[in-house]
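Before anything else, here is the set of structures, which you'll find just below.
There are two complexes below, and they share chain A, which is joined by chain B in the first and by chain C in the second.
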Partner chain A sequence: MKKRYAVLGIALTAALALTGCTAGGSTAQNGNGVSGEPVKGGTLHVLQNADFSHLDPTMGFDGGVNNMYRLIYRTLTTQSTGEGAEGTEMVPDLATDLGTPNADATEWTFTLKDDIFFEDGSPITSADVKFGVERAFDPALAIGSPYARILLAGADDYQGPYISGDMPAIQTPDDKTIVFSLSKPFADFASAVGQNVFVPFPADGDVTATSVDQQPIASGPYRVESYQRGSELVLVRNEHWDPKTDEVRKAYPDSFVWTFGLDSSTVDERMIAGQGDDKDAIAGSVQAASIPRIQTDEIKERTISGIQGCTTYLGLNTTKEVMSDPLVRQAISYAVDKVSVQSGTGGTLLADVANTMLPPTVAGQTEFNLYQSDDDKGDPEKAKSLLTEAGYPDGIEFTMDIRNQPKMQAQAEAVQQSLAKAGITVNFNLIDTSTYYEVIGTTTQQNDAAITGWCPDWATGATFLPPLFEGSQIYEKGNSNIAQLNDPGVNSRITEINAMTDVDEANKAWGALDEQILELAPAVPLLFEKTVMVVGSNIAGAYSHAGFSGGIDYVSVGLASVPE
Partner chain B sequence: MVLYLLRRILSALGILLLISLFTYAIFFLLSPDPAVLICGKTCTPERIDQIRGQLGLDQPFWVQYWEFLRGLVAGRSYGDGPSAIDCAAPCLGFSFQTNESVTNMITSRFPVSATLAIGAAVLWLLAGIGGGLLSAVKQGTWWDRGAMMVALGGISLPNYFVALILQYVLVVQLQILPFPTAVEFGENPLLWFQSYLMPWLVLAFAYASMYARLVRTNVIDTLGENFMRTARAKGLAAPLILRRHALRPALTPVVTLFGMDFAGLLGGALITETVFGLNGVGKLAADSIAKNDQPVIMGVTLLAALFVVFGNVIVDILYTVLDPRVRVTSR
Partner chain C sequence: MSTAPSQLAIEVDTVGASPGGGAPTPARRVISTLRRSPAVVLSVAYIVAVVLLAALAPVLASITGWGPYTYDPEAINADLGGIPIGPLGGISAEHWFGVEPQNGRDIFARIAQGAQVSLLIAVSATLVTTVVGVVLGMVAGFYGGWADQVISRVMDFLMAFPALIFMIALLSALPAGNRPALLVIVLSIFGWPYVARVIRGQTMSLKNREFVEAARASGAGNWRIVSREVLPNLRGTIIVLATLAVPGYIGTEAGLSFLGVGVMPPTPSWGQMIASAVGWYTVDPMFFLIPGTFLFLTVLSFTVFGDHLQKALDAGDAA
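Up next is the complex of A and B:
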């Protein structure tokens, strides 16, 4: 099995090398149509394997659905457009600016723009924004973004407008002004109000807890015309959306049509063939097996790639005896051959080597490499000397949780083989994909190490480092701090940064904290994985947006030409 | 006869109850906690407990199973207060991942699976019985050998392989068919037919191959019986002998097989629907397994069991029509 994946990885890397693949940046491979200016009109098709989780924005919470939500919903702020870090910058959306905090950033005031309407033509008021946020607290809906629950004052006991009534933490002195009271200072609240739980809904009493998922109410440039779950979603223009109030959404096509339920290999086949309506189609990332097939000049012309904005890493469980010594964890950090892990993932086109926990799309990310080796191929000698210093001259043995999925197994085998050179024996605990995150998120069930990944909810360290490394966020179940790091220095620094009122200063501090954390080596950053997508020959304005897991930014894409 | 029917139906219901109990127990004991899956990446134990309470997962097994059975007959609701979710009878459960009742999810996708099953069944019965009969009559000829070789291929080649080859040749290379798309008959009959043609052919190829071999063997056996010699000696025409005396007894095991196969297909053709992107019950099962959406997996399992068990009952009834000996012993 090990050998098979190693051979597969080598074969894929060789294929990529032979076909002239180079390290993919977050750019289109050429500008012919793909990155050109789209025209207004036409129908843009999206071919997709799985349907969206929910149409109700308080429930959906992943890169793909967040991207689609921007077409039908607006929030107080939103991510900008553009490639890389440019696209993850927060800009005003329904609000006139990024909000005004009080002196200690515990109270935030936003003013709504003029001429903003729901799809039925009724104006969007501050009461509608308040209702939208309150609604997200309902027990039946509270499965989406948690930031309203985490940040707003009195959120612990509040269960939404249908059960608890009014939420005092949100005040609306007039139709245009909304004031949020927070439970603690939070400098990055302008980013938090860009989350989907801040989408407004009419506060006139017609919206129930479950109605939005069946009948969404648009505030963005498109509204839902028809939806057959698992088969098709059709969006058409919302006539009441005024482009003058929206600096982010270009809304080029007249309609979007998603076709769901397509087998991933069929999607690749259709995008490569590019026949009929598929000329006007886009899709998600191609499968690694299809990569060698997209190396023809014609398909390269319409291939784009971009970083997903997430980090794949090896978490080391600091509560286990073998991992409790920082020297051991540092030895592992030195020994891992990241290039081999990259090859197992599909090569340079599908991943960059990571040396920091924060991905490059996160504001304030600082470049550093604490555990350097020649060409990132690992330094087993340095690892051996650290292990000897730690009292393990004969090496160590530990168990790593891995997901029963080819890519993750290939990554795990690359780690296993590189650590073996330093005298470290790695045993695998192979876990079914469906139960993987439950096992590694249960402190009593997780083993010594695990390969996993993390994407920030917005592109700052605030939603990246605390969930992974703050001691107070170690939970018995549903735990994301799989290193179970509970270091007083790290904990107090997180508290200090959270209290900062200057968001730029906080972002820089997160970048520095990344280095402080990795000095303790509770995790080994492995890769920044990428998305590679083939689009139809009539697609223009397509680029990979790092804020939406590297997917094509729906608000900017369109057709290169539309028949008269 | 009525008593026989009642007995068969009651025993079928008993089997279904047992299947539901085993299925529920398997999911209860072996599946990961759906509350953790629903809770997502930024989760707390309190939130998991809240979701467990809302889903009724904090109740003992027998309480949960009883609630499930009650929901099938009388409907049920999840949670309480203004945000309670109603699930009308027959409630097969509620998917908290898609926010839909499992019954609705299945019924909205059933027409696709039924269309697929009916179309494929027509093709495979025609090709399987016709091909098998011809092979038997022309035993030992090139036709017989060629047909049986094709049939062997149909049995040995996996569905997904045939599907991908067919799609590559007919759609990508020759471009005589479009990629299958989710279109309803009333919307565009031609595109509807084109979209189903490849899935029908793929399913029919596999089943027709089995049926052809079975029919051939049975007809050859029957043709060697003494009563066939008698029929020929009486001067009956060859087509009449074949139709009335050879085919009828040879078809009895085919009816059994067809009942089971067709009923199984109504419960969803998982691989064919997945490869061609047909949003039927089989595709729903595949998607739900990938997402570990337990209530849906259980609902689809029970539906498939329902079809197979009642398909069996219908086959038993048909037996009494086809074979008078069964009618006599069943009294």
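Up next is the complex of A and C:
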């Protein structure tokens, strides 16, 4: 299960941007500028640092690539468009509605719309959707969104259509109807089928396990015209996509061109200069060092910002002796100077201080602050007295896993410095960026603490709190419960909430559980990071989508004017 | 940032090629030659200043009131990406060299602390490589035979290695531990053959000189010949090699820290400061210029001093 920060790092440096919304607030846009209505046509350029992980939607799984998938692929449901919570609401896509559950929500029936086609003109049937989902179980492809594997009945023994053949948990009584049998009740299945493992592929075609990653088969408004890994991706219109069947995708430009492999500071320079084709370009969040340079009126007018919808937090490994005492963890929660962590990340424009685990974009998030200090600058005195109470009058010492990357290092140093004031000595274990998640996700290798991040897979607590704090989700490898919290009260509450059939009620319960968990202080929420993006002067309809790590929503953006 | 040892090797070859022996040059004459050169005087003055800066880092920090790790949120503008407040990167009476963006740490304190780290590593690596290089070089040169074969092949092997790449790989793979010590070890592993090769050549030519023959004829043992006859004649070469090695190691350590495999954060190092300043060069050029200037002048001073020392010693030989 992923979507943590590394992924995000790539998505962000690379791609795009942002969101607006609630707490993050948005800076500058006005009237007919970047938020105006785009026109049809033209070529929109995207400047990006790193290439997308995969073109096969069963494999790619991060905010940046999910955003791009919406241009090529359609799913049964998808996120809406618009800033903030408006954008993360689930709406029907290929399906006519959000699905019909049986009484206990273990069986879900969807009906497909009419006039939906693949890029070769063949109609999309329920068998194609079934085949697309089945592919996601293939061992070679099962690195993307895990929800089909988690939720569908019989998933444990099924290895995809190429090895195991037909999957009985998915039934297609006719060409328009598809029925999913789940292994347990799941009230929010309408959100799960918006994941990219629910993209249809022609069941009778020549789709192999690896062919999609090479040559995607489009169901959305664009198809891949050419792709050179690491340098360029060109999308052009898919003539067989019917806009009348699609209320989400506006698909303004005639084509999208990604340029990969640009240095982040080169991207910033080009976006700030905004000359030539770069007038029609968008890019990901600027670096902190570029913030002072985008304060002119001209650039402010084409700057958008928003929160990523993710939480950066300090996970405390509760299995380590020093961290096993909740008083110690609470002391750390009091002592951390979140403002200096914020400054190290790039200041107020690039991050908000977080006091809850759930980010404000998540439905049901409640505001609370269990460990208050003046201006969030940390309370070393309170921390010292808690440590004394815990039996450590002389302070403690622990080791924090950190990543060899400037921003992550700055955050770690800020935490180290603020804890030092409370008599807590933090030693660093510097880990190479490429192996960071492997190390902290391996229970035998992780140290006492680590700074990491989490983004929900859709905007509810269901994809946020259980992976991070449920006792049954502690795995020896690929572990995301890095606090290794296994608290009976939290575990039983998670089970109760998962069984709720009313999604709204469940969302509120997740918000309350957030507070219940933080009373145990298994993690210190640090920041809700934001993206600040400069777009070209000819860009319109750009806003930051909270469901895609704050990236600019590709299906809504376009050009303000197109030359004849 | 090439590893200076390779350049060093070339210069050192010329030393090795020069007539090796001769009586030890009177130190006083060398010093008076050096004192006549303004470049040397300036270099030495600068080196002394940096050494004082490094040695007095804690004292200076207590005078200014800003340690190398103390954050100063008042000195940066968190609403503008954390850029230092004030001109020239926040240079003020309080922060003499300004502050780092995003955290407000005092650059003067970090430069001083960084000088300590850099000099300590470079001087330690020089000591280790010189001792190892001189001992192994003399053994190879004096005894010849299989000892020479083994030592020379090991030197060839190490010198043929892509040292920088291997250092990066080694330092990334090793556990964190004591970084400065690890750096000294890694620098020394790849550094000693450059000393040993020169010493070996000079020892080979010295051992056939008349005064060695004379000592041998008068019944001196090997140890006595090596310590009383050969080593004193290598003194000038060793001093020059060591002086020229220091800037090489300072540069290499800065390079490794720049690449993120040097000393661990938050311990400051000039290379690390330069690396973190790269992104800020347009909005805060001083952050880049200050550690860059210190690094440049330090390497330059040691090199100028070493060059002139070599010339003065050679002139002594020729006289």
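The working rule: the second predicted complex is superposed on the first by the 532 of 564 C-alpha atoms of A that agree within 3 Å, B and C clash if a C-alpha of one lies under 4 Å from a C-alpha of the other, contacts with A are read in each partner's own complex, and residues count from 1 in each chain.
In this section, a contact is a pair of C-beta atoms (placed from the backbone, for glycine too) under 8 Å apart; a residue touches a chain by one contact, two chains touch by 3 or more.
What you see is a predicted model; the values in this text were computed from it and never measured.
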Next item on the list: Sticking to the clash and touch definitions up top, decide whether chain B and chain C on chain A clash or fit.
Entry: fit
Notebook entry, point to check: Which partner does A:Gln417 reach: the first (chain B), the second (chain C), both, or neither?
Noted result: second
Check: Of the two partner chains, chain B (first) and chain C (second), which one does A:Ser265 touch, if any: first, second, both, or neither?
Finding: both
Next item on the list: Look at A:Gly558 in the shared chain and tell me whether it touches chain B only, chain C only, both, or neither; answer first, second, both or neither.
Entry: neither
Notebook entry, point to check: Which of the two partners, first being chain B and second being chain C, lies in contact with A:Gly60: first, second, both, or neither?
Noted result: neither
Item checked: Three-chain overlay, vertex chain A: chain B-chain C angle, C-alpha, nearest 10 degrees -> 40
Check: Regarding the shared-chain residue A:Pro522, is it in contact with chain B (first), chain C (second), both, or neither?
Finding: neither
Margin query: Quick check for you: in the superposed arrangement, does A:Gln342 touch first (chain B), second (chain C), both or neither?
Written below: second
Checklist line | Touching partner for A:Arg229 - first (chain B), second (chain C), both, neither | finding: first
Notebook entry, point to check: Which partner does A:Gly541 reach: the first (chain B), the second (chain C), both, or neither?
Noted result: neither
Notebook entry, point to check: What is the contact status of A:Pro221 with respect to chain B (first) and chain C (second): first, second, both, or neither?
Noted result: neither
Next item on the list: Please provide the least distance in Å between a C-alpha atom of chain B and a C-alpha atom of chain C in the combined superposition.
Entry: 6
Note to self: Identify the residues of chain A that lie in both the chain B contact region and the chain C contact region.
What the structure shows: 265
Checklist line | chain A residues within the chain B interface of the complex | finding: 50-51, 53-54, 56, 59, 61, 138-146, 150, 160, 162-163, 208-210, 213, 228-232, 259-263, 265-266, 269-270, 273, 275-276, 278, 434-435, 437-438, 441, 454, 457, 467, 475-478, 480
Notebook entry, point to check: Residues of chain B touching chain A in their complex?
Noted result: 32-33, 36-45, 47-48, 50-51, 54, 79, 81-85, 96-100, 105, 108-109, 164, 167-168, 171-172, 175, 178-179, 181-182, 274-279, 283-284, 287, 290-292
Item checked: Residues on chain C engaged by chain A in the complex (per definition of touch) -> 69-71, 73, 76-83, 101-104, 172, 176, 260, 264-266, 275-276, 279-280, 282-284
Checklist line | Interfacial residue positions of chain A with respect to chain C in the complex | finding: 265, 287-293, 295, 337, 339-340, 342-350, 377, 402, 404, 406, 409-410, 412-414, 416-417, 420, 428-430, 432
